[in-house]
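Two complexes are shown next, each including chain A; its partner changes from chain B in the first to chain C in the second.
On to the complex of A and B.
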C-alpha cells in the first residue's frame, strides 16, 4: 500500500484536492475545545488536539436523522443524500469505534440502510496520537495510538511533515486522487514508528475485566449500587461515547404532516426501558450504570467478540460527578477475580 | 415506500374490522388488510412473532400477531389502550390506513412442537399469539402433525376474556381440550373459577412427549412455572414469550436488551432454559 510524506505546507493543498468532489469533515477549534465539523477552508483544520469533546460518530450516525416523511396522504422513506465524505484527522480510537458501529448496523445480515448510506460514502483518515490525553487508555482495550482499525488512511504527525499510510484500497485511491506528496522515505517511516512507541509508553495500563463468566457472576454485586450513588442519570457519558449507539424513534408532526425521526438515546434514562404498563426492568440507577458497563464489556464481547470501549476517556472527562469507568473496571476486575 | 428493502418502512394496511373484546372496552382487535397484495406475500409470519403497528404522526408500538398465517387475507392484532399510539388506534374507524412493520422476532418453535402434545397456558390479554398458535394447529392442513392440544386460559372476570365466540367454539371442538377460567365469575358464569396456575395443576396435563407454551402477566407466569416444573416439564420444554419496550425491532436500538440478548430478534419467544441463563432484568 501507498505511503506518502506530505510537507505541512502542502497540507492545505492536499485537503483542497481531497475536498474538490467530496465533503471534508475534520477537527476545528470552537469555544468548547475541538469539535468535528464540515470544513470549507482547509487552513482552519486543527490537527493539534488531544481529543475532541464529542466523537465524530455523528458523521455516520447523526444525533438526529429523518427516517420517513409523511403527510395526511401517507409516507415515504427519506434516505440520506449523503455526499462522499472524507473524515480527516480522527483519532485512531474513534476510527476503531466506527468499525464497531459497523458491526451493530450490519449484524446478522440485518442492514441499517440509513447508516450504510452514509458509511459507504465515508473515507476515514485517522491521525495517530503522539500526545495521549489525560484520560486515555486505548492500549488497555485493544487499541493503539497508531491503530489502523477502521481507518482507510493512517496519518502520523512528524513535526514539519506528515506521513500518510494507505490502509485500504479506498484510502489508496484517496491519496492518489489528491496527487500531492511524495513516496515516504525509510527515515520518515521509522520516525512514525518511534512516535507511536513513545506515545504507547505514556499510556497507562488500566485493568480490564475480560473473564465473561466472571462478569456474569457479579451481576448482583453491591459495587453497582456504590458506583451509581453519584450518577445523575444525565447521559453525558453515552452522548460523548464513540461506540454508544442506542437510539429512539419518534414522530414529529403538525396537522398530520411531519417526520419520523431517529435520535440518540441512552440507557442512563429511566424512560429508556419503561413499559406501557408502568413496569420497568431497570428501575434504579445501579441497574442502569451496570447496563452501560456490562453492555460494553460483557454483552458486546458475547455478540461481536469485541469490547465496545475504545479507551477514549470521554466518559471520564464528561461526567459531571467524576464517575470514572477506569475505577469501575478496576473494581469489577478485582471482584471477578475474588468471586 | 419500499418496505421490502428498508426495515424501517411499514407496509400500508387498511383497518377492515374493529372488534371490542372486553367490558372495559380498552381491548380491541383490529383486522388489517394489506393495501398491496404483494406485501401480504412478503409478510410471511409464524405464530409467536410480532409487528410494529405504525401510525404516522404518532409513532409505533410492538404488538403480537394474533392471527395464524393459515388465516389468509388479513392480520389480527389485539391491542390494549395504553399510550399515545394505542389510544390513537383505538380512536380509529374502519377503513383507516395505518402501517405494519414486520414480521419481527423469533416465533414459537413449530418444528419442535410437531408430533408433540401441546399445552397452551395463557392469561389476560397476553393470549394473542397463543390464539395464533392454537388456530395454526387447528388448521385442517396442520392438525394431524400435532398430538393432543390442551388450552388453559384465564382472565380476571368473564367480561375480560378475549375471543369469546372462538373460545366457545373451541370448547365444542373435539380436536382440543379447552379450559377457561376466571378469577371471579358472575351469575351467568358456569366455567372454572380460580387462577390459571391452580387450574393448570388440577387439569394436570402429562409432560410425556409434551411441550408447554406459557404467556401471561408476570404474576401469572411467576406462579405457573412451579406448577409446570411439578408436572414434569423440563425448562427446555417450557416455552415463554416476553414483552419489552422496543423501538427498532431489528436488534439495533439497544432498548430491549436482557443481558446480551435482544427480545426483538432473539425473542420474544424463549425457552425457560434460555431465560435462566440471562440476568433477571425483564
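On to the complex of A and C.
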C-alpha cells in the first residue's frame, strides 16, 4: 500500500484537493476543546489536539436523523443520498469505534440502510497519537496510539511533515486523487514507528475484566449499587462515547404532518426502559450503571466478539461527579477474580 | 487547606465510628487533574479518602434526594440512612431549598460546613496550556502550577481561574450547618454578579437572538445540567413528559430552545448560582446567563436572596402588599 510523506506546508493543498468533490469533516478549535465540523477552509483544521470533546461518531450516526416523512395520506421513506465524505484527523480510538459501530448496524445480516449509506461514502483518515491525553487508556482495551482499525489512511504527525499510510483500497484511492506528497523515505517510516512507541510507553495500563462467565456471575453484586450512588443519571458519558449507539425513534408531528425521527438515546435515562404499563425493568441507577458497563464489557463481547470501549477517556473527562470507568473496571475485575 | 482536610477526615471517621452516621458524602481525588469525584464513605478507613481543596466543584446536594428514597424491591418498613455531607456555601443553600421543598429530611442530615475560597474552572485552566491537556495540577499557597501533557509548566494565581459563579459568590460559608470545620471564608466585596447579563442586554435584539441560537445549538440533550442541579428533582421533567408532550426529544433548534428556556424558568426563585450546571455541561454552554437574568429579575421584583434559611420564606413563596404587580394587565 501507498505510503506518502506530505510537507505540512502542502497540507492545505492536499485537503483542498480532497475536498474538491467531497465533504471534508475535521477537528476545529472550539471553546469546549476540539470539535468535529465541516471544513470549508482547510487552514481552519486543527490537528494539534489530544482528543475532541464529543466523538466524531455523529458523522456516520447523527444525533438526529429523519427516517420518513408523513402526512394524513401516508408516509415516504426519507433517505437522501449521503454525501461522499472524508473524515480527516480522527484519533485511532475513534476510527476503531466506527469499525465497532459497523458491527452493530450490520448485526446478524440485518443491515441498517441509513447508517450504511453514510458509512459506505465515508473515508476515514486517522491521526496517530504522539501524545496521549490525560484520560486515555486505549492500549488497555486493545487499541493503540497508531491503531489502523477502522481507518482508510493512517496519518502520523512528524513535526514539519506528515506520513500518510494507506490502509485500504479506498484510502489509497484518496491519496492518489489528492496527488500531493511524495513516496515516504525509510527514515520517515521509522520516525513514525518511534513516535508510536513513545506514545505507547506513556499510556497507563488499566485492569480490564475479560472473564465473561465471571461478569455474568456478578450481575447481582452489591458493587453496582455502590458505584451508582454518585451517578447523576445524565447522558454525558454515553453521548460523548464513540461506541454508544442506542437510539430512540419518535414521531415529531405538527399540523397534520411530521417526521419519524431517530435520535440518540441512553441507558442512563430511566425513560429508556420505562414500559407503557409504568413498569421499569431497570428501576434504579444501579441497574443502569451496570447496564452501561456490562453492555460494553460483557454483552458486546458476547454478540460482536469485541469490547465496546476504545479507551478514549471521554466519559471520565465529562462525568460531572467524577465517576471513572477505569476505577469501576478495576473493582469489577477484582470482584470477578475473588467471586 | 490540608489542615481542614485532616480535620475533616478525623471528624468523619469519628461520626462513622460512633455510628452517629451511616454515610458521609464528600469529595475524593480523581485520576484527572483539577477534578474531584463525589464520594460516599461508610467507614473510618474510607474517610481517609476525603479531600477538600479548590477542585471540589460539584454540588453534592444533587445526590441527596435519591439517598432518602426507599429502594424499589424493598417491602415493608425501611429506615433511611443517617447521612452526613460536607457543605460549602452553595451546597448548604441548595440543601436549605431541598429541605423546604420536602425533598430531603432535615433530621436525617448532618451538615459539616466548610468555608470555601471558590472553585477552579477546569476549562479556563485548560485554555492556559494551549492545545495540550493538563497532566498535573499542584497547589502552592494561593497559586496553582499546571504541568501540561507536552511537558510545559505554568504557574497562575488560583483566583484567576475561578468559576464564574465562585468569583462573585457572597455566601462562601454554610448558611446551615450542624458543625463547621476551619475558619470562615473571606468575603467577596464589590463584585457585580449580573455583569454578564448587562453585557448581553446591551446588545441589539438580533445579536442577542444570534447568541442565544449559537449557545443552545451546542446542546446534545444529555441533561447533565439538569441532573447536576439540586433543584431539578422533578420525578418527571417537562422535557420528557409524553402526555402532554411539551417538546420533542430531538436536537431540533426549537426543542433545544424550549428545553433551555423551560429549565431556566423552572429555576426562578430557586437558583442559588452554584454553577453546577455550567461545570457539568460537556459542551461548554453558558447556562448561567439565563439563570442569572432570572435571578436578577426575582431580586428586583420580589427582593432578597433565596434559600438562606429554613425559617424565612423565599421570594416567590411569600406575598406582600407591595409586591410588584406590573406584569398584571387590566381586563
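Rule of thumb we're sticking to: the second predicted complex is superposed on the first by the 338 of 339 C-alpha atoms of A that agree within 3 Å, B and C clash if a C-alpha of one lies under 4 Å from a C-alpha of the other, contacts with A are read in each partner's own complex, and residues count from 1 in each chain.
The rule is simple: a contact is a pair of C-beta atoms (placed from the backbone, for glycine too) under 8 Å apart; a residue touches a chain by one contact, two chains touch by 3 or more.
Everything quoted here is computed from the prediction, not taken from an experiment.
Touch criterion met: A:68 reaches chain B, while chain C stays clear of it.
With both structures placed on the common chain, the touch criterion links A:76 to chain B but leaves chain C unconnected.
In the superposition on chain A, A:250 contacts both chain B and chain C.
By the touch criterion defined above, A:263 lies against chain C but remains apart from chain B after alignment on the C-alpha atoms of chain A. Of the two partner chains placed by the overlay, only chain C lies in contact with A:324; chain B stays clear of it. With both structures placed on the common chain, the touch criterion links A:298 to chain B but leaves chain C unconnected.
After overlaying the two complexes on the shared chain, residue contacts for A:20 are found with neither chain B nor chain C.
Once the two complexes are overlaid on the shared chain, A:33 sits against chain C while remaining clear of chain B.
In the superposition on chain A, A:232 makes contact with chain C only, not with chain B.
On chain A, the surface touched by chain B in one complex and the surface touched by chain C in the other have residues 248, 250, 265 in common.
For chain B in complex with chain A, the touching residues are 1-2, 5-10, 12, 56-61, 80, 82-83, 86, 97, 99, 218, 243-245, 247-248, 250-255, 257-260, 265, 279, 281-282. On the chain C side of its complex with chain A, the touching residues are 28, 30-33, 35-40, 58, 62-63, 66-67, 71-73, 123, 126, 131-135, 149-150, 218, 220-224, 226-228, 240, 248-252, 276, 279-280, 282-284. Those residues of chain A that touch chain B in the complex are listed here as 67-68, 70, 74-77, 79, 104-105, 107-108, 110, 112-114, 216, 219, 245-251, 253, 256-258, 260, 265, 267, 272-277, 279, 281-282, 287, 291, 294-295, 298-300, 302-303.
Contacts from chain A toward chain C in the complex involve residues 30-33, 46, 48-50, 53-54, 63-64, 131-135, 226, 229-230, 232-236, 238-240, 248, 250, 252, 261, 263-266, 269, 271, 283-285, 316-324, 326-327.
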